[in-house]
Structure formats: C-alpha cells, structure tokens
C-alpha cells in the first residue's frame, strides 16, 4: 500500500504538471516557477521528514510549527539584541529546539502524558516564547546569517538543497540503519516490538528529539531566507505537515510510510498551492481544496482496502 | 579504479556547485544604482493587463469592504484585470510565499499590503524584476517599493490625544489599547502620549494588547474598570479596540462617564458614536490607498507623466514617493452623514 | 424459560470448537458448565448471546426454534450474560450503569428520582445493601462491581442468565454474597448457566453440571449425587496419545530461578537442565505468563534471582534478555507476537534491530533459509504476515527467535488456535531444539501437549508453584488436582 501511494502520488503530480503546462504554457513550466515552488515547500518538507518518522512510530507532534517560529526567533533575538555571532545563534536555536523535543518526549514517555495533549500544550507554550523573543518581528540580521538561506547554488536557493539533503539522508537511514528501522516495528505493533527487545519508550523519546531538531533547522532556514523572524512563522504548519505526510502514505495508526512519501506529499501540496495562485483562486479556496484532496486520498485508499 | 572515478566526479560536482553559488545582495535598502530602478513600461493598455493585490487575512471585512472593493471598482473602470491573492489567515510567511510565486509571471503592477517589515526582501525582488510596486496601509522601512500610500498613524494618535484632552478638560486617568509591537500602532501610541503628557493632570495607566480581538479588548477593559474605578478615558488603535471597549463600558453602566476615542469608521463604530458610547472616531481613507495606489501603478507603467525621454532608463520613478491620505474625524455632530 | 441446544457445531477455520453438542437447561435451575481451556465453553456462550452463529444445529427456547442474530436480539429473547471482563463505566454512578437508557422527563432530561427508585428496588430484590444507587462505580471493589454487572444484566429481566467465571476475582466472603444472589434468582425461576473452573463452587451452587471436552459433550451429572473426581474424570478422560518418551535432557543445570516474586506470582524457584523441556501447567490466570514476562524482562520482577550457567543475570528489558540468550514466544500471537502489516522477512528480523546496519537483502536470504527448514508455506518472504495461516505465522515467530541463537526458549501457548498438522510440526521443531542442546520452558493449558512434550511438569496455582511432577510418574488427574482446588 505504501509503495502504491508513492506510485500514485508521483503519477498524480506528473499528470497535474502536464495539464498545467498546457493550461499555462508560459507561466507554469518555467525554471523560475519550479525553483519558487521548491523553495516554498522546502521548509514544510524538512519538518515533514520528522513528522513522517513520528507517524511511522504511531504518534505525531503538534508543536512543530511553534518550534519553527521559536528557533528563528531565538536566533534573531540573540543576533539583533545581543550581537551574538551568527554561528552561536544558530547553535543556540538548534539546541533550544532539540530541548523542546526532548521535553515533549520525556513527558510523553516517562510521565505518560498523551502525545496529542502534550504537544498541543507545548504548541501554545512555545508559541508564547517565540512571541516573547521576536515581538512583532526582527529584521536586519547579519549578512552571514541571511547568506545561509539565500545563497543560490545552481540556480536553486539553498533551502531547496538542505531539503534534498535531509530527504536523502533520512531515506538512507530508514532503509539501512537498524535504529531507524525500529520505528516501523513500534508503529505496527508496540507490544510485540517491546517483546522483541526494542526499547519503545527510548525510541519514541529520540523521535521527538529528532523532530524538534528538524523543526529547529527549518526555523533557522525560514528566518534566514526571509531575512526576518516573524511572529506568524510556522502558523498552521503542523496541520499542513501532517496532511502532507498522510498524503505521502503515512497512517495515523502507525507502521506505514516512507520518507520519500513525506517529500511527495509536501510537493503535491506545494504544486496545488502554486496552481491555485496561477489560476488566481482566492485564499480560502486553497484550504477547502486541500481538505477535499485529503479526504479523497484517504477515502479512496479505504475503499480499495475494503474491496481487497 | 571505481573509487577514484567516484571521487573525481564528487570533486567536479563540488567545484561546479561552488562556482554556481550566487550570493544574496549585501545590503537591502541602500544600493540604488540605475540598474535596480529600471521598470517595465508599456505603450498600450490591454484588457489582459493584470494588477495584483497581495494581502493577508484576505477575508477580513475591513479589507474586503474598503481596500478590495475600491481596487476592483477601479479595475472595472479602467478596463484591466484585478487579482487579489493571499492566505485567509493572518499569516505573513504565506503572504510572502504567494508574492514570490506571482513575481515570475510579471504582472503589470503589485499593490502590497504592508503587513510586516519582514516582507521587505520580497518587495525588493519584485522591484528588481522591474514590476511597479506600491505598498499601502503601513510603510515597509527596509523595502525599495516605488511608492507608499497610507495613513499617518502618529497623526491619528495625535488627533485622538487632542480630542481626549478636550473632552476630559485636561485631567483624568487614560489608557490606550491596540496591537503592541506593530510599527503603526506604536507610532499612534506615541502621537497620543506626546499630546496628553503635556498635561500633568492627565495620568497615563498603560498600553494594553488586545490582539485585534473584540472579546479580548472587552475583557481587558472590564478588568481596567474594576482596577481603576476613576478611569476617565481610553483610546483604541485597531479595528476591534473600539467595539470591545464600548461593550465593557456599556456593561459596567459607565456609558458617557468613560470617554472613548478610537480608530476606524465601520458601521458598528458609527452606531456606537450615534448611541453616545464612543465619543470620537479617526477614520482612515482606505479606499484611497488602493484606488490611488493602483492608479499610480497604471501611470508608472503607461508613462502618464514623463520626466525624461525614458524614465525607466533614466532612473526616475515617475510617481510620488509617499502619499499620506489623511484622516476622517467623526463625532456626534457629523456621524449621521456617514451612516448609510 | 426452558433452553435447549440441539446438535450445535462450530468451527474456526480448521479448529473444531464445538462438535454436535446437545444440552438441556431447565427453568429455575443453576446449571454449571465445565471443561478444560479450549473445551468450547466460550464458544457456547458466544452462540447463546448471538455474538457468533453456529455452523449447524438449533437453539430451542421453550421448544421453539430461534436464531439469535446478535447481542441485542439475545436480550430481547430474555437471555443475558455477565462477562468475565467488565462493561462498567467508572465515571458514572451505579444506577446509571445499571440502566444505560434511564427514564427521562421532557427534552431528554434524566429522571434521577425514578432512576434511583428503580435501582433501589432492584438492589433490594437482590438483597444487596453494600452500596446505593448513587455510589460511583469507581469507588467499588472488584466484587461489588461484579454485583453491579449482575444487577445490570438482571435489569432487563432475563429468564436466562449466563455467568462466565463470576468468582474469578472474588474473595470467599464476596463469593458468599454472590451465591445468595444466585439463590434469590433461582427462587424467581431464572435459569442460570454457570461457567467455572472451581469444583468446590460447582458442588455448592449448581443443581446439575455438564462437561465439555475438546468441543464435545461428555455427560450431565446431578451435583448432589456425584463427586469432584467424577467431574474431573469426564473433563480429562481422553484416549491418551502415544507418549513420545525420547528425551534429550541432561543433568547439567543451565538456568535457574530462585525465589522470584512479582506481580501475579510469588516465590517461584525451579531449575532448567540442558536439553530439557520443562512444562508449566495451571489454569488461565495462574500467573504463568506473568512469570515468563518477568524472566524475559518485559515486566521486571520485584525480587529474586535468575541464574544462567551459574551466573546471575538481571533482565530489566527484553533487549537484555535477548543478549543473555533467552527468547520468549508470547501467548497471544496476534496482539503480542507478530507485526501483521509487515512482511515475513521483517518479522523475522524484528528481534535483531540492535548493533548493526539493516540489510533487506541479507534478512530476506536468512528468512528464506529458515522458511525452508521450518517448512513455512508462503509465496515469498516478502509476503505480508497477515496473509499467512496461524500455524505459519507461529513458525515465523519461532524462526525469528531461533535466529537470535537462544539457549533458553520460553514458549507460551505455542499451538493455541493452530490446526493439528501445524501443531505436530511445531512439536517436532521443539523436540529437535532440545536435541540441539537448547532448554525449553513450555507454558501450555493443553494437558495433552504438556504430557507429550515435557520432561517434567511444574504446576502453578494463584501465583504459586504447587509442585514439580515427573512426567513418567504423573497423570492428568494429578495435574488438575494441583491446578484447581
């Protein structure tokens, strides 16, 4: 079924691109448009990789959007108000994000708080900290910091390359490293995984730490590419990313999904968003259409499974 | 053998990659060479000519009824296309993402809602692409937009301050409410304070953040009334401050005892003035923002007024750098003229 | 109301759960149903409550043939059941639990006055005075909860009441209360079907007792004219299979447990010799699985020592147990043993996800080898586990554990729900393993299996080790006597 989803999603994306190339021949199939689509989906995809990891193990994290805002806000705050070197600021932002992930994981696995409640609460807490740090927004970062997210390599802006690197690395890890492979077993039968010697709790804790770190990276990249830490950064990102991951073949009950599916899901949403902008469809339609697509994708899957 | 080929390929790619690196521009605001002021012009008006408004919170009534309505009306009159794009929520990164995706299509002009200083970079991208770009509502300090059109918020605060002093006879406790940290609001607060603090008998309690939310504004106001029974006046600075403040004043039976001044002149505000709950409104001329803003874009593209043989080449931006539309003052004496 | 069963049969895939069973229940009698684990008691209950449909045979209510479609239908036919697992909501009061559809006033408001009156009347009828209708269920003891369950079942005024192991979690005093309630029911001409393992109870409360064995009806006895021995004989009296006497047990003790205590078991000590199969018998809930989980580190023990080759080992997590050469094939295959949505190869490697990289190719190869030696029938090792039969699934789980190279293999109900053919194959594999010098702790509720495979049989009851019997010198009767009281 997972393999099916990767095939069907790729085919759908391809079909969409072909149709759009005929409808908007001078606007859609251009290098400029595609590098723009890629740039816009890069942040979501980096977080989606982490979310895919969690959803393979059967949980999810609602605080990622807030972590994205927090990470950019913390780096910006340190550089702007305290003249901290940009590397130190990035290190601080990433360790802060990692720490949030650790707190999530610790409270969920050791204290036993339900993941949804824990990360929902954390979403508010971290958003509050982010607002405190960045206020109405911070601009005028050091040139070096902006360079990280704005340099273009072979015509593509750097976040796209980071995205590719992260997708490739995690795809490799999930295929070849036993540590990451364990998440599939945890997600498909937690009790059996425990009885197979897998340290379920510890693995989940690590999962939240990894997601926190990836969201932190996304936050640094976003603020660096925008040249600003915005208080609304990462707003609604968690649901967008969960949608992308489910489109990409994950299931809420866990055990399913591939890292590449996270990229495809985000890419699909990015292309749909681009199509709506090209066809000048108004903002709220985007959400309606994405909602319908999600229901269709999952609904059709269910129907096929029932028939089988 | 295989390995050395792999290594060779790797380094080749690395070198190719590095040489293909394109660093971002060093500074954003200041580099004004002639190259970067060039813009696209056209000799004829075509019905396919598209002017794009990019905003956020696209279905907010204030935006729909004023900014967007005036823009659409203008486009119909001129026989051009008007597109309005942006996210349905207040989401700046999404506004930026939308903006970035429209630039490659090179529309005739951009009308940008100046929501956040963070959009400066993408404004510069549009300007560098040669697309006439006008920012409205709030100015964006780091951006190289061709023009800004909007209200003077310091002035709006000053007007409220003066009226407050007048109706309170220069004495009493006052507070202000709005979205803290937003550049235009902070300018408004300053205008208000610069006037009121000249009067030693006027005591300033503080700035309160209602996040442009009616319920929150009402809640804060209710708390303020309890904490300060002798509160004399409150000034509001976002669209929902006034209605929220008025609600709590009515509920506390303090109508007329606590003086309210606020911004914006929506039907709700006007009715509250008529009912005597709100004493004074400073309205914005929002229709002018987009109607005149769009007209400037049109004029720039079609060289309505030329200062040289070729302004685009000469580095002349043939439209005003900044337009302040001024304010509309409303109180009980003229409110009936505004109610439709 | 009179209830009759005529030639009822039911199979699950290959397993025959009920075989041509005919029974008669008189109005107002307490009728006990006895049998070993897997004798077909629960299947019978599920048929009577409409949870499953029989493959053949008729159900007769007052000599009229009925087809019980579902649980609700059963209730409308005046048949109700009190399950072993509870169906109560802790956050609600006794009254609300007993009447899930309470009397209402206008616009659906609950009429609490009437509800509490109703409940009070019901509790008084049953002579229950320990709690009131307003008591929150969360504050009740297990026994009181059982009484609420019974009251809930009686609220629908059933003519036939099924009680499934009602005393399993009750103390003697609480059992006395339950029995007085059952006697009250009897006076009201309610037919009570009473399922229990406990011989003493059956003698005490039941009028008649029917015995099932391997899905077949044995006989019905009058309790005041038979002995416990008679009932046990009916339960076990099978033609004994030819016992495989080959043993590979040596005298070398490789594994011992000393004074192990934990949740569900107490002060357990035994030795396991190289090449030996030690059977662990007892009733469901005797603490055998809990003991196995503790040895394996899944639910660490509270106190006591585990020695392997004379060295003390401490398994705080299954990961350590595996590293110490212990493997555990869990009891409930579907929920604890397998990853249904994963392939055979992935299931095969699931206990070895530590230390090294993960190579799909290598795993598939190895899984393929085991697949051949254990005769696992599948299209390929990439086939999803959910597509395999129970027997083949179990063989995959066995292969997974054999590949960890354990010295001690704990197998918990290894042939549960598996057809005869696969059963035989698994027996052969287990014997072969002992020939290779491995030691096996075999937990089984099937007497036949225990007697066939074990060299010695340890019997547990209520968390305690009641004795270790030598297979050559023991009998089923002796084991059952130790296991039940």
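Every chain is named by a letter (A, B and C) in the order it is written, and numbering of its residues begins at 1.
Definition applied: contacts are C-beta pairs under 8 Å (C-beta built on N, C-alpha and C of every residue); 3 or more make two chains touch, one makes a residue touch a chain.
Just so it is clear, the structure is predicted and the values come from calculations on it, not from any experiment.
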Chain occupying the middle, per Cα centroid: A
Reference subunit A; chain at largest CA-centroid distance: C
Distance between chain centroids, defined by C-alpha means - subunit A, subunit C (Å): 45
Separation of subunit B from subunit C, taking each centre as the mean of its C-alpha atoms, in whole Å: 71
CA centroid of subunit A to CA centroid of subunit B, Å: 31
Touching two or more other chains - residues of subunit C: none
In the complex with subunit B, residue positions of subunit A that touch it: 27, 30, 32-33, 36-37, 39-40, 135-137, 139-140, 143, 146-147, 150-155, 222, 226-230, 232-236, 273-274, 277-278, 280, 282-284, 286-287
Subunit A-facing residues of subunit B, complex: 16-17, 20-24, 26, 28, 58-59, 83-94, 96-98, 100-105, 116-118, 120-121, 142, 179-183
Residue ranges of subunit C in contact with subunit A within the complex: 296, 298, 317-319, 321-322, 328, 330, 335-342, 346, 350-360, 400
Partner subunit C, residues of subunit A touching it in the complex: 175-179, 181-182, 184-185, 188-189, 191-199, 255-256
